[in-house]
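Shared between the two complexes below is subunit A, which pairs with subunit B and subunit C, respectively.
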Partner chain A sequence: MSKPKLLILFSFLLLAVILIVLPHGLSYSQREILVFLTINILVVSSYRLLTLTGEWSLGHIVMMGVGAYGSALYTKELGVPVPISMVLGALTAGIIAWGLSFPLFRMKGFYFLIGSFAAGEIIRLLWKRFRDPFGGPKGIKRIDPFPDIDLGFVRIDFFDPVNYYYFALIIVVLCLVILWRIEKSMIGLTFHAVHWQDKLAESTGVNVRAYRTLALVISATFAGLAGTLLAHYIGTVNPNVFDIEQMVFVLTWAIVGGTTTIYGPIIGCIILTALNEIVLREMGLEQGRPLVYGLILIASVLFMPKGLEDVVKKVIDWIKLHVLTGRIKNV
Partner chain B sequence: MIELLLQTGLNALFAAAYLSLVAVGLVLIFGVMGVINFAHGELFMLGAYVVVALYTNLQMPFFLVVAIGLIFVGLVGILMEMTMFHPLKDNPLGGLVASIGFLMVIQALIILGFGVRMEHVPPVTQDVIVISEKVRLPVQRLFVILSALVCLSALWLFLKRTKFGWALRASAQDPEAAMLQGISTRTVSIIALFIGAALAGVAGSVAAPVISISPVIGHSVIVSAFIVIIVGGIGSLEGAVLASATYAFIHTVITTFVDGVIADIVGLSLMLMVLIIKPTGMFGTQDRV
Partner chain C sequence: MKNFSSQTKREFLKRMAATISAGMVMGLPKMTLAAGETIKIGFLAPLTGPVAAWGKPGLDGCQIWAERINAAGGIQINGESHPVEFIGYDNEYDPAKARAGASKLVIEDGVKFVMMLGGDTWPGAQPVADRTGMLFSTLLPSDLGPDTSTLIAPAEVHPIYNVTGVQWLAENHPDLKSAVICAQDDALGIPSVATYLAAFEAAGIANEDPILFDAATTDFAPIVSRMISLNTDIICLDTCYTEFVHPLVEQLFQQGYEGTVISCTADFYQQMIEKTSAEFMEGFIFQFPDFDDPALEQDFINFEDPGGFFAEYNNRHPGEWGAVSWEYASIMDLWKWAAEKANSIEPGDVLTSMLESGMGEHAFGTADWWGKDLFGIDQALVGNWPVVVVNDGKARIQEYKWIPGWYEEHGEILKKYFTEYNIMWDQR
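Then we have the complex of A and B:
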């Protein structure tokens, strides 16, 4: 094997080891944050797929909510087993997004941003207004947890955040691989074309509208899946979990991280969550947390407009150069 | 029934008054800077807290405090222009995110200074204009309506009759052509931010004794303002005023006869419908995407 390939393999192995060992070095509340972080990585990565087509939505978090409410209702009202209801919840989010694409894709740019906010907020207010079946402002409580797995010699209890973290991690990594494959396929390339050259793409026979819809539906489906992961972990959903403030967090993760690479939003999500939940909390700035968070947001847009991913890119370039010069010396 | 409708109309007029001040400021900033100021609701909240600090706590005269609120929040607007919107003027999405950061900063500062609890501002006057037995207009609400009329007329005169106003309209229409005419677009954007922020501030200050004040009131204000500027046609000041009146009336009527959440749903559906049918809004003239 060549040296760079070995290096990549080694860094992936290192990453895997870190991800597996990580929860054991944390406190209980930090483990819970780790579970939410894992789920949020799926939310922000699916959000990025939509931004590939150039549209920024403010309704993405509600799509996550559709998945959560959907899965919760399927188990509670229809008695569907949890793993199946999670898949159904995710599909529901995709179908709702497909329905919404008809009004929303009459708009572009800023109008799409505001239109998606309106559509999402209407759905959220419907949850809030209708006690039957959505439970009103208090939402749905006592959602069935993910069932324990009994392997005979070992019993995996998903109430334990560490076990649920591993479960969520497997699902999220699988989804990230799928999202990555989509982006590298012809569909993904067409998304880029729709973003940067929509007139040209249209003139070469690409159905721009259909590809925008496809991006919206795929991203909503994965967001919905993230919602079901959340619902069956915390066991309760209510309209406030999916309000505009949460959406703002997703938006800032994506923008601070950068959206041109697949790892940009993930880095943004990890760094900002770690900063907000761990560093600022440890410093005891309970009420001052939004203050520091807001200042960092402003500073990062002002001084790092290309996002954190740009820093990572430079580091990777440096390593590449380093490895390359090393090879030249060997010759 | 007619009396109830009249009373609802008066309530709507009051809501329309402060909403139109906020929305007009938002439109003005968007027109000149091309950026949506997410922190605009917080400027309204800031205006209300100026009243809490100076009028409730320090017992200064109410109308002096309103004037201070206007200037103070206007200066905060200039601060936003200088620190965020000017450096980010080629990056509209960045400007939006920066304004979200600013929103969090203002909210946190107010919470640190005043706490999260609701503030009560004693009204300046308890007088009520009794139109009939069931139709009453508290004078405090009349103040809000009157100050909206005064501020909006002053703005209209400023925009249509002064050289600065002319320059401002020119750079909203076409910044490059305005620059070619020798207009300093930088000065114009500072003035626009001052006026836009000051209008939100004065709305918050003058409405403070009538509404319940908490550090999170900016949220509902900005959502209503978004609906209004979309329905009115983004970039159109007259549209914003007309849409404020329409929206406030519909929202108040539905809140009175059905309930608040349904009123919000109807408002948002109205916005969505306008976006679907005519994205430039009811009174918009040109597409500004």
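Then we have the complex of A and C:
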């Protein structure tokens, strides 16, 4: 095996070991945050897929909510088993996104951004207005948790954040692989073409609108799946959990991390969540977190306009140049 | 991340035991309280964000309460004094963060009681309460249900006490015959709307259809215009968030409203007077007194030195006195009384001690553990509640009203509206 491939294999193995061992080095509440972080990684990664086509949506977090509400209702109202309801919830988000694509893709750019916000707000208002079945402003409570797994010699209780983290991790890793494969396929290349040269793509026979719709539906489906993971963990959903404030967090993770690579938004999500939920809390800055968080955001945009992924790129380039080519000896 | 090596062996073992027990879903083990050991109390509420006005002032009040109690010898358990300490966690009014916070407070920090604002955040914390048997309190009894056996609502029975303001208004201003209510359409606003509708109907005051607005509303001028156009004698601001009450009142002033205004809260009402005028705010009715009120110096009041508490609070946090500044502290008075009676700080023992006589020492006098009718469980402490009116730029208690008395007479009307809004415990 060549040296670069060995290094990549070693990096992935190391990452896998870290992800497996990680919860055991954390406190109980930090494990809870780790679960939410894992779910949020899926949200922000699925959001990135949409941005590949050049469109930025403000309704993505609502699609997460559609998945959460859908799965909760399938379970509570129809008695569908939780694992199946999670799949159905995700598909529901995709179908709703497909429906929304008809009015939304009559717009582009800034107008699409505003249109997506309006569409998301309409869905949120429907949840609030129709107490039956959505529970109104209080939302839905007592959502069935993911069922325990009894293997005879061991019982896996998904109330335990470590167990749920492993479960969510498997789902999220699978989804990331799928998202990565999509991006590297012809479909992904077409998404890029739609973003950067939409007129040219159209002139070569690419149905630009269909590809934009496809990106919206795929990203919404994965966001919906993230919503189902959240709903069956905390056991409650309400419209405020999926409001514009939460969407701003997703945007921030994407912007601070960068969106040109698949790992950019993930790094943004991890760094900012750890900073906000662990570092600042542990420093005793409980009430000052929004201020410090805001200052760090401003600083990161000023001094790292290409996002945190740019730092990682530079490290990778350095490794390629100095380690893989053996030039480290000359440094 | 915490440095585990910096912990003492005892702390580490306690935490491990608690973690393992939580993981195995066995509830928390009983720990023996060492002589002089600090009793930790959790405070799980929004300390930042739009709902912080009903969290942060409460934590500030609790810090003063703790200092006063510690200076007086602490909490007496089995003849030994124990200082008390509050550990806060900002849940940002988010159920996911409430779950993480509840886990931290109960399993890692080893608190013996957790106080919450409740509402949207309680469902997130409830699984932790169920699994560990930890005693929690809420300010919103609509969180109560037959399955919330370790949850109590001992300070305010929101929104039921709002009936007292309307009752007082009807008795003192019988000429007022119509009202319109506005509220944000959410878990806090709707139960309050149902209560005010019942209270107005019981008082013989005609209700217009309530005007509900989204919690994301920022422009209140159209809402106020619509209310004024209905030409009612009373405008009711329901239980709007502080950041809504202020612009609503400003709009009422700017649009020349001259009728009577009633509201559940009027947090930071001095700022409202500054934005409008003392004349405009004259007669404004709400439910939360300043604690320098002479009416709080009566024998039946179960809050130690309210005037001194109010002065100290204003000294430290000028202009920040609000509805919840004293409430969490008053819950602690009740908890301390029950713990000392039980000679234990274990959640189950304290809860039993609190509930066993069917009555409890509420800040505004001895009250009943009540609520089965509306909430499915008798774990809301209900008794007197004051009616507060702004006179000459200062809020003053006009009268205490006995809530169970009103409910005995008009309970069916309240149940009718609770049912209409799908908020009876068996409809949730």
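The definition used in the following text is that the second predicted complex is superposed on the first by the 324 of 331 C-alpha atoms of A that agree within 3 Å, B and C clash if a C-alpha of one lies under 4 Å from a C-alpha of the other, contacts with A are read in each partner's own complex, and residues count from 1 in each chain.
We adopt the following convention: contacts are C-beta pairs under 8 Å (C-beta built on N, C-alpha and C of every residue); 3 or more make two chains touch, one makes a residue touch a chain.
Just so we're clear, the structure is a prediction, and the values are computed from it rather than from any experiment.
Superposition of the two structures on subunit A shows subunit C clashing with subunit B.
Contacts of A:Lys128 after superposition: both subunit B and subunit C are touched. By the touch criterion defined above, A:Ile298 lies against subunit B but remains apart from subunit C after alignment on the C-alpha atoms of chain A. In the superposed model, A:Met107 lies in contact with subunit B only, and not with subunit C.
In the superposition on chain A, A:Gly188 contacts neither subunit B nor subunit C. Looking at the shared chain after the overlay, A:Trp56 reaches subunit B, while subunit C stays out of its contact range. After overlaying the two complexes on the shared chain, residue contacts for A:Val248 are found with subunit B alone; subunit C is out of touch.
Applying the stated contact rule after C-alpha superposition, one finds that A:Gly115 touches subunit B and leaves subunit C untouched. In the overlay built on the shared chain, the residue A:Arg289 is in contact with subunit B and with subunit C. The interface of subunit A with subunit B overlaps its interface with subunit C at residues 121, 125, 128-129, 244, 287, 289-290.
Taken together, the subunit A residues at the contact with subunit B in this complex read 56, 103, 106-111, 114-115, 117-119, 121-122, 125-126, 128-129, 244, 248, 251-252, 255, 287-291, 293-298, 301-302, 305. Subunit A makes touch with subunit C in their complex at residues 25-30, 32-33, 36, 121, 125, 128-129, 131-132, 136-139, 141-142, 145, 157, 159-162, 230, 234-236, 238, 240-241, 243-244, 277-278, 281-282, 286-287, 289-290.
Residue ranges of subunit C in contact with subunit A, taken from their complex: 1-2, 15, 19, 22-23, 25, 47-49, 56, 88-90, 93-96, 99-101, 103-104, 107-108, 120, 123-124, 126-127, 131, 185-187, 189-190, 214-216, 422, 428.
Across the complex, subunit A is touched by residues 36, 83-84, 87-88, 91-94, 97-98, 100-105, 107-109, 111-112, 219, 223, 226-227, 230, 259, 261-262, 264-265, 268-269, 271-272, 275-276, 279, 289 of subunit B.
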